[in-house]
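Below are two complexes that have chain A in common, paired first with chain B and then with chain C.
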Partner chain A sequence: MFGLGKKDVTLFLIVAVMALFAPFILNPFPTDSGLAQFNAGYPDLMQRFVIFGILAIGFNILFGLTGYLSFGHAAFLGVGSYAAVWMFKLLSMNVLPAIVLSMVVSGLFAVVIGYVSLRRSGIYFSILTLAFAQMSYNLAYSVLTPVTNGETGLQITLDDPRVLGQSATADGGIPVTNLFGLEMRSFETLDIGPWAFQFSVGYYVAAVIMLISFYLAIRIFRSPFGMTLRAIRSNQNRLYYTGLNARPYTLAAFVISGMYAGLAGGLLACMDPLAGAERMQWTASGEVVLMTILGGAGTLIGPVLGAGFIKYFENIFSKINDQVVHGWVSFLPDGLEDFVVALIHPFVGKGWHLTLGLMFMLIVIFLPGGLVEGGQRIARRLRRRPAEEPAKSASTEPAE
Partner chain B sequence: MGILEVKDVNKRFGGLKALTDVNLSVTENTVHAIIGPNGAGKSTLLNCLVGKLIPDTGSVMFDGHSVLGRKPFEINQMGISRVFQTPEIFGDLTVMENMMIPLFARRDGAYRLHAFRSVASEAELRERAEAMLEDVNMLDKRNMHSASMSRGDKRRLEMAMCLVQEPRLLLLDEPTAGMARADTNNTIDLLKEIKAKRDITMAIIEHDMHVVFSLADRITVLAQGTPLVEDVPENIKGHPKVQEAYLGEHA
Partner chain C sequence: MDAIILQILNGLDKGSAYALIALGLTLIFGTLGVVNFAHGALFMIGAFCAVTLNRLLTLSHQVVDETRTDFLGNPLKVDIPYVQDLFGEAAGATIIDWSVPLAILFSIPVMIVIGVVMERGLIKHFYKRPHADQILVTFGLAIVLQEIIKQLFGANPIPTPAPEVFRGSLDFGVMLGFDPNAIIYPYWRLVYFAFAAIIIGAVFAFLQFTTFGMVVRAGMADRETVGLLGINIDRRFTIMFGLAAAVAGLAGVMYAPINSPNYHMGMDFLVLSFVVVVVGGMGSLPGAVLAGFLLGILESFASMNEIKAILPGIDQIIIYLVAIIILLTRPRGLMGRKGVMED
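And now, the complex of A and B:
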């Protein structure tokens, strides 16, 4: 189906169902219950899940297949955002041209950076991409102020031309991003009993684009091109003596991956039309590396899981403050309560990075294949029990 | 006129003359062995044929076209496949995937791989890969992770990867170097099998002359960067010049 194998169709459908029903799945707790703060089903966060999912899927095409570890992918994210905001300023508030331009510009950017950086491999490649990203960040921050608006960040204003749209709405406000009139920020709330589910236009636009990106990534993974990218990681020497030139394929992977990042950056701007230089900072590049490794580099679903995992921590875990913790342990005697809170304190709220760091270390040490490997181990353990009975199905799996 | 013609090739590295006036002609559908003691220039010569080194002077013609200045992948696309001293395979890939890449390279060329067509839909290439694996007795290992195989199997796989491209010339660089006696014999048997089953032109670089006697149609003896004699195996064995070159090793 759709040119995919059976397993991949299942995987795609699982991701599709998860994405489309995310407002339900991520909102398991009633609105006024104490656990409501763990709900992640609000539009702003769900958008981040899928947008950073796109970023990680693209990053995985480069890192997961060819093994080239780019430490400068945030540059493409930032470039995509700037391109999209400029489109909002100059053309119209429709998100479609903005998305297209952000992909084109980041693609061109990736050709240049990739052409230079791919002359080296391993750590030197990583350092080159990091240097490029930091250069872009500093350019955006100071030198290119006319284009990027420096540290304030690029925003849309009332005097932007918007030749195909309007500079200001009838009541004098700044127009909002839309897809042919459907406003990105608009949402419907569905109340079922104590639950409130929010369905936002912006989220669904981003989710559909994520599904398309995911589908394309599956096709690339299963193609001769994708197989060759894995061969590049495995043994470049053999590849050259097999009649293939590794260079253009690696560059293609780099550009595709850069365009995915640009698309993610463009979508961020579509949801909230401003772009700042901090989006290009090296910590942002590091974050996508973490997402991919945490989820499982080289697997299809891993990067999406990793992106969701990190964004959940960033937005939910960081909101647990001392008061909340006090609420949890209020049944303890006073002195002990304060002690426990002091103990938990460094790991929650502003200290969420500490928890994330520890989780990352545990996963890399015990599950080098990331969350996906964890899932596979659990599945294997569950399957082994019934398999101990005579059911021995020696199915010959077709080689991929 | 041979399919591979090496004319007056010289190569020096600083003060060291690695190759001096090397002339060599490999005829189609023969197995041509190039033997010589350590430091005779065998590997330098091979590297000049595959595009890794460029000779200082002289010409290397393959099927009427010069290979000089071409990159290894371009030379492979001309029809020369190479087996390395230590097997070079794609260790992260399965045996079957290892077989598919050379097939794609041959069908689609160096630059035109498909990015959206599924590998699974390539039934015809898959059949060819399976037939080739059958030929080298590896069909049962087709879904194995290739890095986890024994060295002998890796050698078989590498050979199959080269042969599946139907090369017009197969170059082998000391295919038995560092192998135990039993593995050496297996490799020789495999090469004999391959030779018996198809028309193939092979050039084998080898240090140990005993390996190639039963296999080669012609043997060139290289010593100190220059060819000493070229003849059929029977005449090589007792040749006084060869005895001299190998003195102390097999004399």
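And now, the complex of A and C:
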């Protein structure tokens, strides 16, 4: 079906169902219960799940397949955001042209950066991409202020031309981003018993785009092109000896993954028409790497899982403060309660970065394959068949 | 002319910091073959060693001073540091004043212990893993160290003053025959440069003129053969890791008066130091030092107003631009050796 294998269709359908029913799945706790703070089913967070999912899927096409570790992917995210906001300023508030332009601009950007950076591999490639990203970041803050609006960030204003739309709404407000009239920020609330489910237009637009991106990524993974990229990862020299020039393939992979990042940046701007240089900072690039590794580089579903995981913890963990922890452990005697709270305190609230760093280290140390490998290990443990053991250990070794 | 000399001097202190961090990074890479993204965090921990020592020395107890009164008319309570009780008032005040140079002594054992624990506890398990894994795990470690420091010391920069005698500025221009006030240079930056030069010289002398250094150099060239000769090269490399951590820490200690330490200063320096290492040539110690000073001085030249008028924004990107040009024209960096990280 759709040119996919049977397994891929199942995977795609699972992801599609998860994405479409996310407002239910991510909202398992009733609104007024104590656990409601663990709900992730509100539009803002769900949008970030799928948008960063797109970013990680794109990054995985480069890193997971070719093994080139780019430390400058945030540059494309930032460029995409700027392009989209300029489209809102100049053309109209429709998101479609904005998304298209953000992909085109970031694609062109990726051609230039990729053409230069891909002359080197390994750590040199990482440093070159990092250098380009930092350059873009610094320039966006200083000289390019007329384009990027410097530290304030690029915003839409009332006196923008918007030649195909209107500069201001009838009542004098700034128009909102829409898809042929469907406003991105509007949402419906469905109340079932104690639960309140929110269905946001922005989320569904982003989710559909994510599904298209995911489908394309599956096709790339299964295509001869994807096979060549894997060959580059395992041994580039042999590829040269067979008479294939690897660089056009890596460049293509780089540009594709840059366009994915630009698309994600454009979508971020569609949900909230604002673009700032901090999206290009190298910590943002590090975050993408983190998501991909956490989920499982080189696997199809891994990056999406990783993106969801990190964004969920970023939101939920940083909301937990001392009062909340006190509430959880109030059944303990007083002294012990304070002790436990003091113990948990550094890891939640403002300290969630510490948790993230620790989690990241543990995953790299014990689970180099990410969450996907963890899942596979658990699955294997559950249906342990002694006969299968030797065959498995032989197949997972890298071919070096 | 005086402007040029001033810019060279301005570049020296940043260049010294780059050179010291890059030296440590290269030592680790050259010996253990590990790309250490946590090196910036070691620099930052060094700076916080200075802060810690300063705080330890100023630990004080309150004493009621009957001769003076506060604004309410009550006897004034005065904080007296314990150091002053121990060494007398004048000597105690001097010790507190000199807390940053004293922190050098304090930080060396601390940094060596941190380095050795890091190597034995974590990095050891990553020798056979791909470089990407090494980058990632040390990146994670850098985040963790940074967050721990943030929890302990807060997110704001902590001013850590240099000793009183070094607080002024030197009118360097007068010495060279220029007008007074043409070239003004703070004493502490001169001290920093001299300090960096001594440390770099010491590291090179250590590697060049001691038996230990000779074995380490042999191990860098061919680890396996040295191991086959019956030398425990792993232990020596562990010590080198501790030493590299100490170099980064010392760079941080002495940098504390120039820039008030904050928890993310390590990350700010790390990115640039990596660029420095790559420009100098992966695995080349002289290359790292040369590139460090070169890029530091270039950066300060690019921030001259005359140059910014011609090429706006050049001061923000000069280092990266130079790095890109050098990597494309000299793929091994300025002084890189053949066969290092060529894959």
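Criterion: the second predicted complex is superposed on the first by the 384 of 400 C-alpha atoms of A that agree within 3 Å, B and C clash if a C-alpha of one lies under 4 Å from a C-alpha of the other, contacts with A are read in each partner's own complex, and residues count from 1 in each chain.
Here, a residue touches a chain if its C-beta (ideal position, glycine included) is under 8 Å from a C-beta of that chain, and two chains touch if they have at least 3 such contacts.
Note that this is a predicted model, so its numbers are computed, not measured.
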Examine A:L354 and indicate which partner it touches, taking first as chain B and second as chain C; both and neither are also allowed.
second
After the superposition on A, what does A:L130 contact: first (chain B), second (chain C), both or neither?
second
Considering only the touch criterion stated at the top, classify A:V176 as touching first (chain B), second (chain C), both, or neither.
neither
Classify the contacts of A:S121 with the two partner chains as first (chain B alone), second (chain C alone), both, or neither.
second
Chain B and chain C contact sites that coincide on chain A, given as residue numbers:
none
Under the touch definition given earlier, write down the residues of chain C that touch chain A in their complex.
35, 122, 125, 129, 131-133, 135-137, 139-144, 146-148, 150-151, 267, 271, 274-275, 278, 282, 312-313, 316-317, 320-321, 323-324, 327-328, 331, 341, 343
Could you list, by residue number, the parts of chain A that touch chain B in their complex?
3-5, 219-220, 222-228, 230-231, 233-235, 237-245, 248-249, 252, 397-400
So in the complex, the part of chain A that touches chain C is made up of which residues?
67, 69, 116, 119-124, 126-128, 130-132, 134-135, 138-139, 141-144, 282-283, 286, 289, 293, 346, 351, 353-354, 356-358, 360-361, 364-365, 368
Spell out the residues on chain B that touch chain A in their complex, using ranges where they run on.
50, 71-73, 76-77, 81-82, 84, 88-97, 100-102, 104-106, 108-111, 113-122, 126, 142-143, 161, 165
